[in-house]
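In what follows, chain A forms one complex with chain B and a second complex with chain C.
Moving on to the complex of A and B:
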């Protein structure tokens, strides 16, 4: 038996899984919304607004957006880790991306519950 | 390969250690299979979609806020340049979506061998490009 000490930050599997779970949530949401819109006889502001008036749909949309932001964080972080070599610049980009995504979360709540 | 051999000969003739490892990748000489293009375009489209997030959230905000902002938005979006930008984003989304489904299928062992995975990468390109054209024509 090989006793190997595993090193690292241990976020690999969790993020690998999170990337797939968030992708599945987003895919289902997109198919539901596109399917709903295709079933409507006509499209206008009323149809669009009605879709987002129920609390269930607002919650589902918020879940979609949170999945999107988490998914985007993992993806962008991986891209930055691959191509940006200087540690300082890499850290700076990571911080800016996190801050932007947090602002998007607040903005999403304002859009969905402030309309 | 030739530079490696010449380096080897140099090393033998001049009695001095010379590092002959390639220092860069000649990107224009590297041949990628279609799945390689699907993969790098998955990255590119993902990055593009991330950068477009503020614009997309703004569109959602303006489209829901009131009938006035909605009407204004439809007028703005009639501009050909904005339509073209949205068409680009539509392709980015469709490619990212289809390529992502392919990766999920691979993870779930639904594409058990190289031939199936390669055929799926053709489908990704075909479906995402066709849908972009069809939706583009429909929305134009």
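Moving on to the complex of A and C:
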């Protein structure tokens, strides 16, 4: 293969947009959760348990975590693209990051619905 | 006036060094380029580019006290001494303050900086409404001095893949032009994780532009157009 600089992978916009949307989801989640907790008269294990037994909260949290993982994927991929120059190693790291994030997704489901 | 100037002649020097200069000159209305010309009389080996000496040609872009700018329109009275002058960052040095702009112009050419219109040329000229013409204000004034692109860390890191603010401003200049027929291909050309989206909106380009243009805004408008055609 000739050693030429190649660009033109057509996913620039999709990932850029996804990073913005996932950031908005995370910001809303943080505001809602912090707001809810501040409104509680007392704060302890009971409050926490009650909050996370509701399926709405579990779903919302799952949405937050999925946003976080997708957001993190784009950010980490950008860093790897900048610092790891050999394409083979870069692909390997990308695959490892994706697998790790998929494990986190499964783990998150177990935590949220496993009780 | 005291100066510290970056010197490097690859033929004779092992490494770049900073040379001190002293100049007997009242700042007054003089510009930095005037001082450089006088310094060249002191030491004619000092190398820098200049041409129009009034901020139109864009030849004498350099790093002045840590900020990119044009020597010919930077007033000496506005500079803190010793005035530290270095070449534009992030480009290979040819000699002293002269940098190799090849990579910069390669990126500029990659966005096809010319009107693409396959209709037969009309007898007089291709007309635009005044409103359509207004959209080109703040875009066509770019003199390609390279101050913005060489102030951009994304360009320092990926000069071969990221177009850089000057190139992207010109990309939008032709995307925005109603006489151009190549909009879709121009957007395709930039829809890539490197070419446009390495811009992380830190706005160094806006900060240094000697013509007070706003590449970040142009980049935002390109992104808007991409979103618009996708959703």
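To be clear about the criterion, the second predicted complex is superposed on the first by the 108 of 115 C-alpha atoms of A that agree within 3 Å, B and C clash if a C-alpha of one lies under 4 Å from a C-alpha of the other, contacts with A are read in each partner's own complex, and residues count from 1 in each chain.
Basically, a residue touches a chain if its C-beta (ideal position, glycine included) is under 8 Å from a C-beta of that chain, and two chains touch if they have at least 3 such contacts.
All of these numbers come straight from a predicted model, not from anything done at the bench.
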Touching partner for A:9 - first (chain B), second (chain C), both, neither: second
First, second, both or neither for A:76, with chain B first and chain C second: first
Touching partner for A:17 - first (chain B), second (chain C), both, neither: second
Contacts of A:87 with chain B and chain C, given as first, second, both or neither: neither
First (chain B), second (chain C), both or neither touched by A:39: neither
Which of chain B and chain C A:27 touches, first, second, both or neither: first
First (chain B), second (chain C), both or neither touched by A:56: neither
Partner, of chain C and chain B, that touches more residues belonging to chain A: B
First (chain B), second (chain C), both or neither touched by A:106: neither
Complex contact set, residues of chain C against chain A: 157-158, 160-161, 188-197, 223, 226-227, 230
For the chain A and chain C complex, residues of the former touching the latter: 5, 7-17, 78, 81-82
Residues of chain A that touch chain B when the two form their complex: 20, 23-24, 27, 30, 45, 48-49, 52, 72, 75-76, 79, 100, 104, 107-108, 110-111, 115
Of chain B, residues touching chain A in the complex: 43, 46-47, 49-50, 53-54, 57, 60-61, 63-65, 67, 70-71, 97, 100-101, 104, 107
